[in-house]
Structures are given as structure tokens and as C-alpha cells.
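Please see the structure below; I have some questions.
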Amino acid sequence: MIIVMNGSATDAEIAAVVARIEAQGLMAHVSRGSERTVIGAVGQERGLEPAWFESMPGVARALRVVSDYRIVSREAQPEDSMVRIGDVAFGGAAPAWLGGCGHDWTRETLSAAAARIKAAGGRLLFAGRGGHDNPYRYRPMGAADLAALSEVAAEHGLVAVAELRDLRLLDVYLELQLGGLLLPPHCLRQVELLREVGRINKPVILQRNNRVRLGEWLLAAEHVAVGGNHRIILCDCGSEGEAAGLDVGELACLRRETHLPVMVAPVAAGGANSAPILAASALLAGACGVLMEMDAADMLNLQAVLEAMRGAASLRHAHG
Amino acid sequence: MIIVMNGSATDAEIAAVVARIEAQGLMAHVSRGSERTVIGAVGQERGLEPAWFESMPGVARALRVVSDYRIVSREAQPEDSMVRIGDVAFGGAAPAWLGGCGHDWTRETLSAAAARIKAAGGRLLFAGRGGHDNPYRYRPMGAADLAALSEVAAEHGLVAVAELRDLRLLDVYLELQLGGLLLPPHCLRQVELLREVGRINKPVILQRNNRVRLGEWLLAAEHVAVGGNHRIILCDCGSEGEAAGLDVGELACLRRETHLPVMVAPVAAGGANSAPILAASALLAGACGVLMEMDAADMLNLQAVLEAMRGAASLRHAHG
Amino acid sequence: MIIVMNGSATDAEIAAVVARIEAQGLMAHVSRGSERTVIGAVGQERGLEPAWFESMPGVARALRVVSDYRIVSREAQPEDSMVRIGDVAFGGAAPAWLGGCGHDWTRETLSAAAARIKAAGGRLLFAGRGGHDNPYRYRPMGAADLAALSEVAAEHGLVAVAELRDLRLLDVYLELQLGGLLLPPHCLRQVELLREVGRINKPVILQRNNRVRLGEWLLAAEHVAVGGNHRIILCDCGSEGEAAGLDVGELACLRRETHLPVMVAPVAAGGANSAPILAASALLAGACGVLMEMDAADMLNLQAVLEAMRGAASLRHAHG
Amino acid sequence: MIIVMNGSATDAEIAAVVARIEAQGLMAHVSRGSERTVIGAVGQERGLEPAWFESMPGVARALRVVSDYRIVSREAQPEDSMVRIGDVAFGGAAPAWLGGCGHDWTRETLSAAAARIKAAGGRLLFAGRGGHDNPYRYRPMGAADLAALSEVAAEHGLVAVAELRDLRLLDVYLELQLGGLLLPPHCLRQVELLREVGRINKPVILQRNNRVRLGEWLLAAEHVAVGGNHRIILCDCGSEGEAAGLDVGELACLRRETHLPVMVAPVAAGGANSAPILAASALLAGACGVLMEMDAADMLNLQAVLEAMRGAASLRHAHG
């Protein structure tokens, strides 16, 4: 950690910072510049908090030298990770995808989506209950929904992936032998949930939208990983609300930071019409796959997305 | 709800929107302007979703006329609400406060904070375990922490208020007979938690930071309220991260939107040094009280905050 | 315009809104719903300001039905526009590009960039003086810089495009017979500059970064267009600062809103390394071309970007 | 400057960074930690740009140790500055204020505002032409407006302060002998304008809204100050658009960073109704004064604001 002192910091204030560093078992290097003094804390800095120093008199800023995420960082593992859900590889040579319903589905509409997925060569089916914002239309994902998803998937020979928001349902998930879990964006700060997911041996998709910063996303992944579950796939849902969007520059940036496979959800990010171009753009920028919301109202053209994905994959292959 | 069509919308597209409105049991009013057609849906619009219409061909925008929150809105109840925790009234004539530890406390440091609160005339003690970001310093609020809080509060004759993040602990909370619950900002989108809190008869403090929009905050309050628990206090924690801040303009705006009492957390928003001026500014702008984090490192001057609060209250009294 | 009244609005407040609408020569349609009254102003609403109504008692919100931009909107002209700089068509079948130096260039480094552009088949050269943030390294684009750009372009048989920030230099620009102008993002709110640019008959590139909202960008374009200059190209520079990024979802969204050609600046958005994938992704999402900053420190691989662009163009061609 | 290398940085990459630092005349200190190497550049770092290093291979981040603003920083001058416009002191013991019209005024409405200001004991009158967003209602501040402001101010015995957006009008400003200039928020990145204002000996008010970061605001002030004009007053206009707001926490933060006087514009930030409480809150948080927009539609209660200001000032006096 590096602690930058104010220009007017006194010797006593500097000494106090040094003492605090040493009390934590690290070594302090004091470097006096022309305008400011900079103190480096050398050693296992992950045990330190910048906030400890920033509240001390005379300190201007404290900042970590190492990232807060260790297991999921590209520095820890230079080569890309691959995570399988069922027999579908996320992070392999070919782009992967899963389809399903994220909002207002019934057993019938989910079954129709499953049939379309199967016909298109897909092997994974997900279901969730998004859109919890309206207090007068609250409809959580319950045990019956999980059972329905599990049955519909089995009927079509697909592997089920279920959204998880409520810790209390984790046992039901495990009993149903689902192929994977999907955590929606607002769950990335539910540390208790992340830690529990870290203890089970199931692939988990961590969704994110543009209100979650890259660093927060990776921290959430690290919370899962420290429990032992390294089967993590990141899924970018882009912008929520009015300004639909999907940032491929951030995606490229993220790929430099982590070895985890990254997929995108183009329907959430830009609507059904934009899905083919967003999917292709994201694959070009390094995404490993696509999650497709097929809720009835969205009228997604599945074939168009898959074609665009194939085109992008061949282009990526051709240009390295 | 109002649906604005594109300038190039066809009659068939307009008719489809009208049909969808009528299928939901509302009446449609079509108004053709010089450039665009506008369709009003008259009736119980809370059952409609703007997204249903925005995905239809020819639709430019759909927007609610009524707010999504009904019980907590100022329109529903013009006069201010008052919520008591123990015998402390939030929303009454005098400013209220609670103190405690939000981060790295032990039984000893919490007890020291309780003694300071008691000496300053306070009657409420809270405890939480914030700062979950670091995966290598994870320390959740567990049953033992709750028991410790409960005991320390009893020893000093204070009423305990506990942070709640983990739904699975709700039973322990109820057994311990705590005076109130406090939900941190990231829990405002954990609808399952909000709905459970809505079923119990305990005052609940809903914290928010600058990453939560006012409308989202009020929606979270509505989720609690629909369950029957109207004992809700809003608490603004200001900006998180580098740009410390507390927006008193938003606070005034919020007071126009809701009758719920609003308090602020000036230490979270601006650090211990800024706490007196932030507390006084917030009271002037209509806040009903203050939550004071007294974690050791922050070295909060409790007396200075209370004096500033008294001054602000008398100024507010003098100027209506 | 639509004016939504508060639930508690009185008849007198409603009448006052109606009177104000009629005083502006429009007709008012009053629609009383179960919870709120909504008033529509029918007629030439572009002369009205929402703020006029939102400051009146009893008014909850006022919002335009038509967009603030008329000339540049897709509604006004459904087919794509094409704008030529020299003989390079932006918005045609083939992707277009220009290269140059945006920051710390000398006559020598600019000349080197020009040679590389020429060798790669390019026909346009731009130069600017970005990076004005540091008060101790201030270096504006002056008349001598413009002359240098003009000469270097002529020496290599390229058409010059110059950044314009300072209204006082407009005469110099016109004398030098440059091929086009480029306005950096922070100039989009300099209305005086936009209006002057609207009076000349030169192609103008309006740059934008992620701190400018889509609506503001289009308003700036409309300010240029109302003066009579419709030769406008939009150029997205993505995110500035730490979080490099380029949002292809917004790009698709923008293409639905406007008929103007949209290009991107992938080096500004994501650095030289990411430029090929960002350029290809943006072309797939509907961009018409690319602006490449070739400042020495960035070490851009021009060939890699052009190859990626060709690949994306053929993919777009294949998939419609 | 501190340069943090990637964990996988090679010796050659480290050497290249050292060479670049030394080529700029600074000394490099290399500190090898357990996970990363950190290089400090000791000497006159204001000549360096972080971007130079961040584009080099093996570099994770580069960051300044000293701030980019020198003259306006609190470190450079610990005691508060005071700036006079006419005989009104901004930054003195008593709160200061100026009133006027910022949008759609005529000579008559401006004169009416001037009469109200005079009657309330005010001594300064400003005028501007905000609201340039609508291309179909464009109305810039021209020479005739400046003359009208000058005359109206003289008629009422007030000192005139005029908004400046257009560099070409600077000569008119100087001829009219105005008491001060006011630059609206979007001009903070118009460096050419800031530099010119830095050469004249007139007090200048630099406005800012919530889309300008504190650091950018101070950089703009530094651009003015390097030219020799240190008579700078900062004026916070709060949030623009829907989310009205004024952040008193940021204000306190800003006061720690700079010795310049800071005022607020509560009408812009929260509307006429909220102006008294926002003004009082801001004074408590360290603001030196208030700018009051008195455009007709806003119906500002001037006396209520002044009373609230007096109350806040006495409270601040009482509590130090």
C-alpha cells in the first residue's frame, strides 16, 4: 500500500503512519519528495484497509498496489479459464449460448422457449423472475418455479440453469440437481449469498449491469472463489433503464484483468432488435458466449443472433 | 399511463396499443397531434408495465402518470409520519439520533460507544458489520454479534438497533427483542428481504447512498409497506467512495415526495470532521435526525454534532 | 407537450396551466384520470419549455412529445445520410477512416503519421491539440499549427481536417481551405461555436464522449443544422478517464434516432491495443467509419485496424 | 509521480520506465514488493503526464503525488482568500450575495429585479442568458444585452456582473467597466476562455454543476490563476436536470482542498421554494455567499432567503 501525506504533514503524523504499518507486520519505506512525503507499506498488504490510513491526520490518500482480487485476476493465471455447464464450454474455441425466460413466464411459455432452443441446437435452458421493481406485481422465484424449470428442461433434453436471489432456496437448488446458477446484478453486493455459492460445486453465472463497476464485479467473483468454487462465468447485461447499451471497450478491459470467461446478455442490453449486432460485437471484443432472454414480448430472432455469432467467431478466428 | 407513438407509427400499430390497453381492463384515449399520436391509458394503471408497450412496434415511449409507490407517497398522506424506536420519536418536533458502531467493533469498543451515548443523553445503540468488500477480511454479522449488541445495550439501558443483511438471521432478530432493524444501502434491491421485513412489526431504517436513486429508495420502502409494516425511517448515507458528499437538495426533494421521516448518516457521508456541519445542514433541509457511526478510527466528536443539531433545530424553529 | 398534475392539484391550478398553453397559441386537452389529471398541449410545441410548467403550482411533470431535434432525427429523414470529406464518403457502403495526431505532435511526427496514412491507402489527415487539462502544459491549437497541418497534408496528397475549439480562429480555418472541421466533446455545449459552424459549408465532425448524453449530442448537431450546414458526422470517443470503454448498444440506439453518419474513435476509447476489436465491433453495430489517433506514444497498428474493419464490413454485408 | 508495474513486468519494462523518468530530469526510485514493483519519480512531477507511462508495456497505473492545481490549493495558502466585487466581500465574516436574471429577461424584468435587490440591501446585479439547449429558441448574450445590464445596474446604483460565454465579446465586457464576470458550468473546459479571463484584472465567478468533478473545477480555476488573475470565486449550481440537488458534503470537501471562496446558487440547484433551506445549509457547510436567480417564473422569496442566511450565519458564528 502507498500512503501519500499532505504537504503540511508533520513528522509526528508521518511517524504515526509508520507505526500503524509496522503494527500490522509490514515494513514502511518513507520517501520524502520536494512537495510531499510518500510512505510505502511492503509485505502482505491485503490485510490492510486504505480507510485506516485515510482517517489519520496528515494523510492525503492511501491506495493499494495489488488488486483486491487475487484468484480471479489475470496476473494470478495468465491463460483463459474454461467453465462447463452441462457439456457446453464457456471460454473454449467456439462461442457458447444459453436461452430462456427472465421475467414473466409460465410453464407453457417456458416450454415453447425450450422447444425453440432445442431446435436451434442449444443445450441449456435458464429461467428467472426479474422485474421485481413493482411492489404491486411482486412475483419471486419460488420452489414451484424451480421444479417447473427442472421438469421443462428434462422434457426437452436440456440442462437447467436457474436464477438465484434468495439464500433460503439454496437447498432446493441443490436437490433439484440444476446444471448451474445465475445471480442477477443486484446480488453482487450480497456477500452472504456469494459466500454460500462459493461453497457449492456448481457453475455460477455472475450478472452485472452498468451500475456495477468492473472492480466490484471482480470482487464479487473473488468472494465466490475464496470459498473454493472457481467455476465462475461473468455475464454483462449492459445498461439498465432508458439508455440501453453494451460497452465493448470495458469488455476488452475486463478480459485483461481476469482469466474468467465473460459472456453478454444482448437482449437485456439493447432489446431483441439489436441482439444480433450486440452479440457479434461482443464476441469480436472477446466475449465467450451469449445469454438470450426469450420472453414472449421480446420476439427475439434466435437464428439471426446465432448467425451473427457464427460470423463474428469466424472473423475473430481469421484475425487472431 | 401515457404511450407516445413514433411520428411514423401506422394505424395498425396504434390499434395494437389500444387493444393491449383494453385487454388489461383500462380505457384508451387516442390523441393525434401534428407530429405524433399520444395514447392515454385511463384506469388502474399500476397493473401496467411501460416495458410492455415500449417493445411494441411504433411506440416511442411509455410512462406512468402515477408513481410506483402509493403508501409512502406524500400524495397518499400529506402530513409527516412519525416513527418511534423505543421512546425516541423520528419525525417529531425535536431531532432524534442514534449512535453505534458500523464496522470493526468488539464487545469492548461497542460498550465504550454505548457509555458515550448514555453520557450524552442518547437512548439508542446500533451495531453493524459494514465493509464487506474485502474478500480476505470477510466478517458477517452473526448470531453472536447480535447477542453481544443486545447485552451491551441492556447493560447501558439503551435500546438496540441491529443491521440486517442476511434473511436467514431474521428469527434470531425477533427472539432477541431488538428495538429496530437497519438495512444497508445494497439491500434496497433485495426484494425478498424487504418483503419479510414488511411482515414484522418492528421499526426499520432503510439506508441509501448516492448510487441508489430516490425513486428506487421509495420503491424499496413501498415493498416494506405493502406487507403491513409502515414503521419506516429513511436514512441517507450520502456518497460512498472518494467523493464524500451529502445532497441536501435531494433531501428537500425527497421530503416533497414522501411523508416518511428522513434521517442522515453524516459520518458515512463526509467523515467525522465534517459530521457537525453535515448534520446541521441536513436538519435545516428537513431531516428528522442523525445516525452517528462511532467506530474507533473515526474519533467522532459527539458533543460537537449534538450542539450543531441543537443550533440547527432552533434556527429551523425560528424560521418555520 | 404533456403536463401531468399532482394528485392534489386544484381546479384553479389546472385552469392556470390551460391558460398558459392557450396564451402560447396551442390547444389544451384536459384528461381527468382516477388519480391525476393530465393536460396535453396540441400544436407547435417546440416553442414551449417544460420548465415553464414545472415551476407552476400543482404541476408534477411536463414533458415534450416531440424530440428537440428535428432536422437530424430519423423521423425527419428515414434514409441514412452520407457526408463526404474530400472524396471519402462517410455513411456509404464502404467503411471510411481518417488518421492523424490529436495531442503532442510536431511537424515531424505529423508528417510521419501522414506518410503511414498514405501508405495504407488513406486520404484524410487530421490534427488537434487535446489534453488541455494540465495548466502547466497548456498548448492551444494556433494559426501556425493550422498552417503546418495544411502544408503536411498537401505534401502527402491528403485532405486536412482540423480540430476547432476557439471561435476566433474560424477565419484562419476558412482561409486555409481545410477539408473539414472536428469539434471535441467539450465543445458540444458551446452553442456560439456550433452556430458559427452551422453557417459555413464545410463537413464537421462532432465528437462526443460518455459524459455527453445522446440527446445532448443530437441537440448540438441540430444547432449546427439549423444554420444550414447539414454536413455533420458524429464521432463517438467512448469513455474518458480510467474506465476506457465504447458502448455499441448506445451506437445502435443512436442509429435509430438519427440519419447522420456515426463514426468511432477506438484509440481514444480503449487504447491502441484494443483499437482493432473496438473498430470492428463498432462497424458491426452500424458505425460508418473510424478516426485513428496515431500519436507516437500510442503505437497504433494501423494495418491491424484496417484488416479488422474489412472483416467486419464483409460480415455486415453477409448478414444484412 | 508513482508508477505501479504489473506483477508480470519484466526488468526491461522497469528499466524503460526508469529511463523515461530520468529523460525528463527527475530521479527514479525503484521499490520491488512481494507482488509488484513500484517506481517513484522524484522531482518536478508537474511536467509529467500519467498517460505517458500508462501506455508503456508492463505499467499497471501511474498517478500524481501532487495535485494538478497549485495556486488555488489549500496547501499553497492555508488561510481563506477573500475576493471583492464592488464593495461586497466574498469570503469575509458576513455572507455575501448577488441577485439577477439568468434566463429569459427583458430590460423591464431585469429592472424590476434590480429594484428588489436594492430594496433588500443588495449591491450587485447579474444577468445571463442560460437555457441555450433549445435550437429553436437560441438567444445568446449579445452586446446589447451587456449594455442593458450595465445601464440598469447604474440606474439602481448596483454593480453589474455579466455572464461570459463567448470569447469574442471580451472587449465589450472590458469597455463597459463591469464589476465582475460569471462563467457558466459548461465553460469550465473552454481553456481558451479561461486563459483570457486569467489575463484581465476582474473578479470572476466560476460556476459548476454536478457534472463537473471537483478536480476539474479546481483545474479550471488554476487555468485562470496561472495567467495572474487570482480574483476567483467558485459557485456551485448543484444538479442540473431532474434530480435537483446541492451536495454540502462536497462543499466541505472542496473547502479543504482550496482557499478560494465558494458560493452556491440555490435556485438553480433546487428551485425557488427550496432556496432558503439550501442557502442556509450551504452557509453552515462553509459557503461564503449565495447567487440568486430571480427570473420571473421562479417567484423567489428574496426576504426568506436572506433571513435564512442570517440565521445560518449566526449559528455558524456561535459554533465556530
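Here are some notes:
Note that the chains are named A, B, C and D in the order they appear, and that numbering of residues resets to 1 at the start of each chain.
The rule is simple: contacts are C-beta pairs under 8 Å (C-beta built on N, C-alpha and C of every residue); 3 or more make two chains touch, one makes a residue touch a chain.
Here the structure is a predicted model, which means the values were calculated and not measured.
In this assembly, C is the chain whose CA centroid lies farthest from the centroid of chain B.
Counting every residue number used by either copy at the chain B-chain C contact, over half are found in both chains.
The centroid of the Cα atoms in chain A and the matching centroid in chain C are 32 Å apart.
Each chain gets one centre point, the mean of its Cα atoms, and the points for chain A and chain D are 39 Å apart.
Rounded to whole angstrom, the centroid-to-centroid distance between chain A and chain B, based on C-alpha atoms, equals 27 Å. Contact residues on chain B toward chain A in their complex (touch as defined above): 46-47, 49, 51-52, 55, 68-70, 131-138, 140, 165-168, 186-187, 189-192, 195, 211, 216, 219, 222-223, 225-226, 271-272, 297-299. Interface residues of chain C, counted against chain B in their complex, comprise 2, 4, 6-8, 29, 31, 33-36, 38, 40, 42-45, 63, 65-66, 75, 78. If you check the complex, the residues on chain B that touch chain D are 213-214, 238-239, 243-250, 252-253, 269-270, 274, 276-278, 280-282, 284-286, 304, 307-308, 311-312, 315, 318-319.
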